[in-house]
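Heads up, the next two complexes both have chain A, just with different partners, chain B and then chain C.
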Partner chain A sequence: MTTSVDPSTKSGGPRALHSSALARSRWRTAFLLSPPLLWFLVIYLSSLVLMLITSFWSVNNFTSQITHQLTGSNFAQISAGAYPTIILRTFLLAALVTVTDAVVAFPFAYVMARLAGKRAQRLLLGAVLLPLWASYLAKVYAWISILEKGGALNWTFSKLGLPDPNLGFTNGAMWIAFCYIWLPYMIVPIYGALERIPSSLLDASADLGGSSWSTFRRVLLPLALPGLLAGSIFTFSLTLGDYVTPLLIGGSNSTLIGNAIYENLLNGGNLPLAAALSIVPIVIMVVYLTIAKRLGAFEAL
Partner chain B sequence: MRHSRLSRTALWLWVAAVLFFLFAPILTIVLFGFDKSNVETWPIQHWTLHWYSVAWNDPQVRSAFALSIKAAVASTSLSILLGSMAAFGVHKARFFGRDSISLLLILPLALPGIITGVALNSAFQWAGITLSVWTIIVGHTTFCIVVIYNNVLARLRRTSSTLLEASADLGASSVQTFRLVTLPTIATALVSGALLAFALSFDEVIVTTFTAGAQNTLPIWIFGAIRLGQQLPEVNVVVTMVVLLMFIPILIAARLTGSDNFAPRVAATRKVTTAP
Partner chain C sequence: MANDSAIAIRGVAKSFAGTTVLHDINLEIFDGEFFTMLGPSGSGKTTLLRMVAGFETPDRGTISLHGDDVTQRSAHVRPVNTVFQDYALFPHMDVVTNVEYGLRVAGVKKEDRRRRASEALAMVQLEGFAKRRPAQLSGGQRQRVALARAIVNEPSVLLLDEPLGALDLKLRQEMQTELKVIQRRIGITFLYVTHDQEEAMAMSDRIAIMNAGVIEQVGSPKEIYELPASPFVASFIGTSNVIVRNGRTQSLRPERLRLLLPASSPPEGTITEPATVADVVYLGPVIRVYVRLANGDDLVVVQSNDGLAGPSFSVAAGDAVLVAWRPQDAFDLESELV
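Let's turn to the complex of A and B:
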């Protein structure tokens, strides 16, 4: 047995090396991940938890100090009075904006991905990305200028001999502004999803006798769905939490959840109520994200 | 899919209409910056450069601008550090909950911004921290990290590990490999991520409202001016400048990674479509 080498010692070397390399890489990963994770844990997640707790606190009416005693009064307050209407309005507007943007974006993204040549494709992508990165307030302000009484829309209508639409400072104005601001967020992921579909699939559908409509409905649309959902996460979430656009371009009936939070926190000094109101969009988004994830939207993000 | 002439025309007309919808409002705002009148009415009657000099000499605009730049530079720098660390950590490692990290980092952008704002505000109040430029920076960094992280991670995933192995085989130390191989490979992705983060921070208003104290960033100044209906001709000019200032980093960022992000995928799709 002297000539044979013990198999355990033979393979022991590399295995030891392997495990020490593994330990080193573990340390490396821990070193790299701890600062960003700590930042998120200490600053972001703990703030979210604190906000959740704050939503069960209340404000003393006389001293305007926060009472650190758990109560459900904020949630009782939210479920009565004007708040249910505000929440419903916000939800419906977010849904309407999402659907409108999806309808406007889809044909555009389709042309980008399937009809345009390589050069046109890049130009169109640039044309979508530039407005996406144009200042948010610039875009809101632009629509105020266009929709108000002396604006370009009324002028165009009067030139065409039509009555003034006078859309400025209404819910309609808010809808248009939101659709405009978030449209690029919808186009880009749909484009991404459509561009990845191999043409052979669409050809196969046509070869097998599928009409354009059934190819669209049964091949194109299901394959583009993750992109559509990814875009809708943005349009829906961004509308759900906005308070700037409704405040600037909306009318007297345009109060959204965001405005209620803003008012209660910055003008009313009622942080607990504002925190409780903030839970509403979180719950809506968590439900939405769960559904979107199940339908495969995260692969297209 | 086969398209009739009619449906092709209709689709391209739709594209033209959407392009008009995307660009006409921005153009309107730029034009109104040159409107002589105090009160905006379309069409513009008389032109002037007067409002540009008014905005340029406005001390409030100047200090708001300075604060915005300060906040954007600081939060971008912090994001570069934290975002690339997270990207490197996630890239090589295989461990439980790896996907949760991506989800966690994107959360401040996926959840409505007002949530981040209220959460941070309640934490600052609870901890007794006075709102200042630092609280603005903390808020901005929190949602900018993911931009760097995504950009760097995407580049790392596309980079072949054989490059690093070759460098090690040729006797380079890990520091040398990082400096001579890794850093040059991710440089453009890092710079483009930084430019996007800068633009994101420079334009932010939803979170900033809740993390800024008495001091104004440029977007907060604009928000206030529009709301009060004051200095509106000046707002046109300031807003135009913000758009221009954001386009510059975005265009550079697109040049740096644009072809990189899209060309291979486009090429791959084309390959599939031309294969017999």
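Let's turn to the complex of A and C:
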């Protein structure tokens, strides 16, 4: 135990000058950050909190007025009847769309990031981003015209002498449309992650005796994982929350969580139940990100 | 044993996008040798190293390792390992996992590879760093991990691509000594690439001087310094005065020249020429004097600050002096005249 005086506590020293400069820069940071921070707190977080509170309210069956009393009845309601099926269907579809997009996007992003020349790279990136300029509805309608009974797919199959696939207005049609619409959101982050990997790491893996497969599994994939994860957050959550594609291209058994929320909000007039349903995708995403973090997906960031 | 060929490069040529970076390279490197390819950037030395590693394929010619033609074999099946310029450590693995990577992909059992990895880490004095991430290490430590990761596989040849380039001078000199010690201890062939001539001189058994895609000279550090084969080698290694006398291009090392006062009588058997001092640079252990000969040639003279140099230490710009050298210190440069 020593009892020396810390020189930094004396005023006027170089240390004091330093800390006052630091304090000034902290104030400046706080000043610059306060507008976006305020926006984030008021508009973004508070609306989420309000939704959470609303989900514990209920609607009086006679007056159709909201009762501001905390109850778990909404959550009891969505854990019975048709809701579990809808939630499971939404979850499985989102997972399937994510996996499909990841499998399609990875080789595409790899070619873009590591094999293509500068010109081809720009061209491919343009080709990936261009569909984002077209309206979402136009793209879904395009798929309707491909998949419906008199559509391009059936026509091609019949010309080839194959039976009609008749994919229009089925869950399969939803899957195809979702995979198509969200694909750019998967390609771009994977492309970014792959492009940042120094090629010397791949050389080093080969140099140490790693086959192409070892290099892919032990070096390329772990380092691309943050990009893959970012992409999967987009495809997964965008599918979880969508309600337009099921309406347009889905069939009678294609109701998703989004449609159930829409129904309760606009036709059923049950805002608390809609809020409770909205909590479901948020909980799924939180669980998903927690697992991803446990698996070390963010460590290479 | 000492004269067994470790690497044989025969008639290798390579161009990238129409630019020839290597013209007909022939080189034999012996087992257990510390061999350095030295040259300025763009001389083709790194390309040649990458060909031995298997990252590039030559347009023509063959590369053999211990008598095996490996020209068409890909990098992951060649018995060589590389220490990369940027170290190329896997950022998502800790130090020991990096070091045992080669053993892991080769299917070595876990206890075995842990033991060998810790031995390799001990050799580079990094015991206790096994669980760190590369990002938590200093440049010098990363360099050692890269070295351990390569030697743990017991390659027949170790390739080093400017491994000390990113380190500061003091660390670089320490590592030079250490690399040499490690090379002697494990006895494998080192093929080293650098643009730093002092580094090459300090470590190598033999050096190949490369310039613009050709090998200008191969020899021991002493041979290359004292008997440069071309004007390029003479000027690239150390400083050299290149003069033309009687139609012959000759090289004169600055430290082999003496400055004398005009009135003094030169030592027996020396050639003297009158000159004027252009500039004097005092460097501590040595003094560097720039002089101009009567025929207009500019020479650099380096005098040791040993107290015996006498009058050359009192010269100043504008003074008339005599420059003296022994005839045997002016040697003819082979090949093309400048």
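Quick note on the criterion: the second predicted complex is superposed on the first by the 248 of 301 C-alpha atoms of A that agree within 3 Å, B and C clash if a C-alpha of one lies under 4 Å from a C-alpha of the other, contacts with A are read in each partner's own complex, and residues count from 1 in each chain.
We take it that a contact is a pair of C-beta atoms (placed from the backbone, for glycine too) under 8 Å apart; a residue touches a chain by one contact, two chains touch by 3 or more.
Just so it is clear, the structure is predicted and the values come from calculations on it, not from any experiment.
*Asks:* Superposed on chain A, are chain B and chain C clashing or fitting side by side?
*Replies:* The answer is fit.
*Asks:* Answer with first, second, both or neither: which of chain B and chain C does A:79 touch in the superposed model?
*Replies:* neither
*Asks:* Of the two partners chain B and chain C, indicate the one touching more residues belonging to chain A.
*Replies:* The partner that reaches more residues of chain A in the superposed model: B.
*Asks:* Which holds for A:253: it touches chain B only (first), chain C only (second), both, or neither?
*Replies:* Neither partner.
*Asks:* Would you check which partner chain A:37 touches, where first means chain B only, second means chain C only, and both and neither mean what they say?
*Replies:* The answer is first: A:37 touches chain B but not chain C.
*Asks:* Taking the superposition as given, does A:200 touch the first partner, chain B, the second, chain C, both, or neither?
*Replies:* A:200 contacts both chain B and chain C.
*Asks:* Looking at chain B versus chain C in the superposed three-chain picture, what is their shortest Cα distance in Å?
*Replies:* Minimum C-alpha separation, chain B to chain C, in the superposed model is 5 Å.
*Asks:* Name the residues of chain A shared by its contacts with chain B and its contacts with chain C.
*Replies:* Touching chain B and chain C on chain A: residues 198, 200, 205-206.
*Asks:* Please output the residues of chain B touching chain A within their complex, sorted ascending.
*Replies:* These residues of chain B touch chain A: 1-3, 7-8, 11-12, 14-15, 18-19, 21-26, 28-29, 32, 39-43, 81-83, 85-86, 88-90, 92-93, 95, 101, 104-108, 110-116, 118-123, 125-126, 138, 141-142, 145, 149, 199, 203, 205-206, 209-210, 219, 222-223, 226-227, 235-236, 239-240, 242-243, 246-247, 250, 254, 258, 262, 265-266, 269, 272-273, 275.
*Asks:* Okay, in this complex, where on chain C does chain A touch?
*Replies:* Result: residues 53-55, 74-77, 80-82, 84-86, 88-92, 101-102, 105-106, 149-150, 153 of chain C touch chain A.
*Asks:* Would you mind writing out the residues of chain A in touch with chain C in their complex?
*Replies:* Per the stated touch rule, the residues are 198, 200-201, 203-211, 214, 218-219, 222-223, 299-300.
*Asks:* Provide the residue numbers of chain A that touch chain B in the complex, in ascending order.
*Replies:* 25-26, 28-29, 31-33, 35-37, 39-40, 43-48, 50-51, 54, 104, 107-108, 110-112, 114-115, 118, 121-122, 124-131, 133-146, 148, 150-152, 154-155, 180, 183-184, 195-196, 198-200, 202, 205-206, 212, 215-216, 220, 233, 237-238, 240-244, 247-248, 258, 261-262, 265-266, 271, 274-275, 278, 281-282, 285, 289, 301
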